[in-house]
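Structure in structure tokens, see below.
Labels run A, B and C following the written order; every chain starts at residue 1.
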Amino acid sequence: MVIAVDGLVKHFRVSRRAPGLRASLGGLVRRRYDVVRAVDDVSFEIPEAQVVGFLGPNGAGKTTTLKCLSGLLHPTAGRVSVLGHTPSDRSSAFLEQLSLVMGQRNSLFWDLPALDAFMVNKTIYRIPEPRYRETLDELVDLLDLAPLLDRQVRVLSLGERMRCELAGALLHRPRVLFLDEPTLGLDVTAQAALRGFLADYHRRHGATVLLTSHYMGDVTALAQRVIVIDRGELRFDGDLAALTRRHAQHRVIRLQLSGAVPVDGLGLDVVEHEGLSLSVRVDAARTAEVAARLLATLPVEDLAIEEPPIEDIIRSVFAGG
Amino acid sequence: MAEISIRYPALMRSSALAVLAYRGRLVVGFLTDLFPFLLMAVWLTVVATAGPPRGWTAADFVAYYAMAAVLMQLSGQHVVWEWDRDLRSGDLSVRLLRPLHPFHQYVASDLGYRVVSLALFVPGLVLVAVLLPVLTLDLTVTRAALAVPATLLAYLVGVLMASIVALLGFWSTQTTNVWMLFWGLGSFTSGWVAPVELMPGWIEAVAPWLPFFTTLGFPVELWTGRMTESESGVHFVVAVGWALLFAAAYTVVWPRAVRRYQAVAG
Amino acid sequence: MSWRGRAGWSRYPRIILTCWRAAVATELEYRLNFVTGALLSLFWMGWAAAGVAVYFQFAGELVGWTYPELVVVIGLFFTMNGVRQAFLQPNLDAMTEHVRRGTLDFLLTKPVDAQLLVSLRHLYVGNLLDPFLGLGVVAAGVVASGHGMSVVDLAAFVLMFVVAVLVLYALVVALMAVSIRLNGSEEVGQVSFGLVELTRFPVDLYRDPLRTAMTVVPVVLLTTLPAQAVLGRISATSVVVAAGAAAVAVAGASLLWRRALRGYTGASS
């Protein structure tokens, strides 16, 4: 097993702060603390070359788990082993085979072109010149980086910067790749491009990949296996197909109507109906058909089709067991 | 050792480029560069008013402060602010993921900045020295042979000292304030406020044993010839001693600092 | 120049005060920073006073300034620097963002009123105590110098203090204008810091040519003249000339500011 997690527990002490000027002054004297149970007794094992999707709502403990696996956090209890190393020991041998990409964190130089950061990575990870050239060419090609390489990172768009970050993270061909919310903040095209790249890269190089997300789409595109985490606890660990078959086979159509209409008796699975807003649940396969019918029969001003929110899936995971 | 130093040039290069890209920092540096000359101006007034204090002539002051200004370019204290900024923002995590001790990442980056700083400052100073022949150094080969390692030691001790204080940031948000207090007190013994010889007797006695003198007064007085070759022996020993002490202290504190980060922040 | 009625003007103090109140409330969250910042300021004042004492091992007075009198100048330096850091520098530094985000455009409609808002809106609470601490040091220096302070001296001091603040304000507004002209250059903000650093010592302590340079760029007005006033050594001529210089400086800076605004918007349309 490349990754082995046994009974992982991670608690944080967080100081409690009330809003307002008076509370701030009061806080000068006394501070109160709460314990946040970010990860509570999580266990799983991941074999080589598997792609695992880590699903859960915000604050579920996904990022905390990833940080424990990369050695950034030391577990409160439990054992973690990655590639035979204890991550929190942070040995060079371990770090040279690892990559953690966090969407909000920037590892490139802000005022310099991405290529300069790549050259620094080459030295830091001790990548021999021929392998560096080969990997860089491949990544530039797959991620379409050629026009971006000599522009300052600060002028790049979020999507472009993400691609450069990814390239920088993969230059040393890590055996283990952790991605924290990689598609967060990207537009639909960029999301699809990123997912395509990751799938392609995995096919070529067989790295063990663990990605966290609160988008179902990330997981369906990339992962064979999915682990669902909620409020620090592991809720589901298994085949993605099983999960989608059971829980994610529907969409939500959100409608903004231009006039009030009665919706009972239309045979719709109504999720929410308030004023001129209407949300309808529909089987994924019949989305287009139902949407067309709604557009034809109701006074629709605006229509949006959404994946079921992750909370729904989680809820149905609890219910289904 | 070799595999660490091999990474320095690349890190220095990118840091130097980044500094040149962001000119604002250079301007700030330039303005603080000039401060020693303000202090010098007042000393020249003292000489004009009351005669050479303890034998220091106007020429002595000019030489001292010119070299002091150069040596101040080599202060390693910026790392305190870099560590603090990355600790507060959580960007330290990015550095911790790399298979190179963050200490080296910050020092290499600082060295790149130093190189740019010196490259911009020294030619200007040389030009002024040529135009105004007040500045004379009378360098001998032996003295230069000693002054160069003294300068390197000055940087080493300075950057080690700053890096250790920077570790406070893992426990406190007041690191930069603590550093400024520490540096401010030390500046009376380093030769910054005034040449150590001109300080009250008790400071003059204590100063050579403290690390601050190593970072400024020691190399400056060697360069200007105020300190003779034979006198320098003791100071080299003190300098190396402080370097070893700081390095040892760092290796002891660092694992605890990382542990703290791994418990709280990540 | 258009003067909109009195009612329009009365809004501005209230607006600015609201901004300041929000700044204070936010900063108290970082309570520890505030306390340690104040302590550090005190430390720097002590540090500066001790540093100057070194010179006095070798002379009883320097160019007519005794040690306590130099301490007065140091106190005034910290006061002015505190005013700069708390009230003016944050706004000067904000110019970079203004130019980058284009938020200057909305000021087109009211060029006169905008200057006050843009130059005073931001407040950096960290240094708020510095001016008061500095004035404390001034008081200590005056007492130690043995000069009795007459009512005339006090009046002259207050006047020169106001002159100094106005000159500093004018300086920063002028730099704001330069910043616009240079497309929001960040370096401009640092120039104000450098210029004020020069006022640490009375101008007499420097020798020519620096001394003449500092009188021409009226840095001398910031600390040397107010110090002379409180120590009863200022001539009536100096007071009048200084007051006049302050008026010219403020008017000149306003002019530069309006010109810069117009130039900026002209370029963007």
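Everything below uses one rule, namely that a contact is a pair of C-beta atoms (placed from the backbone, for glycine too) under 8 Å apart; a residue touches a chain by one contact, two chains touch by 3 or more.
Computed from a predicted model, the values in this text were never measured in an experiment.
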| item | value |
| --- | --- |
| Closest chain to global C-alpha mean, per-chain Cα centroids | B |
| Per Cα centroids, the chain farthest from subunit A | C |
| Length of the line joining the C-alpha centres of subunit B and subunit C, rounded to whole Å | 31 |
| Distance between the centres, which are taken as Cα means, of subunit B and subunit A, whole angstrom | 44 |
| Centroid distance [mean C-alpha coordinates] between subunit C and subunit A, Å | 50 |
| Subunit A: positions in contact with at least two other chains | none |
| Subunit C residues counted as touching two or more neighbouring chains | none |
| Contacting residues of subunit A [partner subunit B, same complex] | 12-13, 64, 67, 70-74, 88, 90, 92, 95-96, 98-100, 102, 105-107, 109-112, 116-117, 119-120, 122-126, 152 |
| Of all residues in subunit B, those that touch subunit A in their complex | 3, 6-7, 9-11, 13-14, 17-18, 21-22, 90-91, 93-94, 96-100, 258-259, 261-264, 266 |
| Contact footprint of subunit B on subunit C as seen in their complex | 30, 32-33, 36-37, 40, 43-44, 47, 50-51, 54-55, 57-59, 61-63, 185-187, 189-191, 193-194, 197-198, 200-201, 205-207, 210 |
| Subunit C-facing residues of subunit B, complex | 23-24, 27-28, 31, 34-35, 38, 41-46, 48-50, 53-54, 173-174, 177, 180-181, 184, 187-188, 193-194, 198-200 |
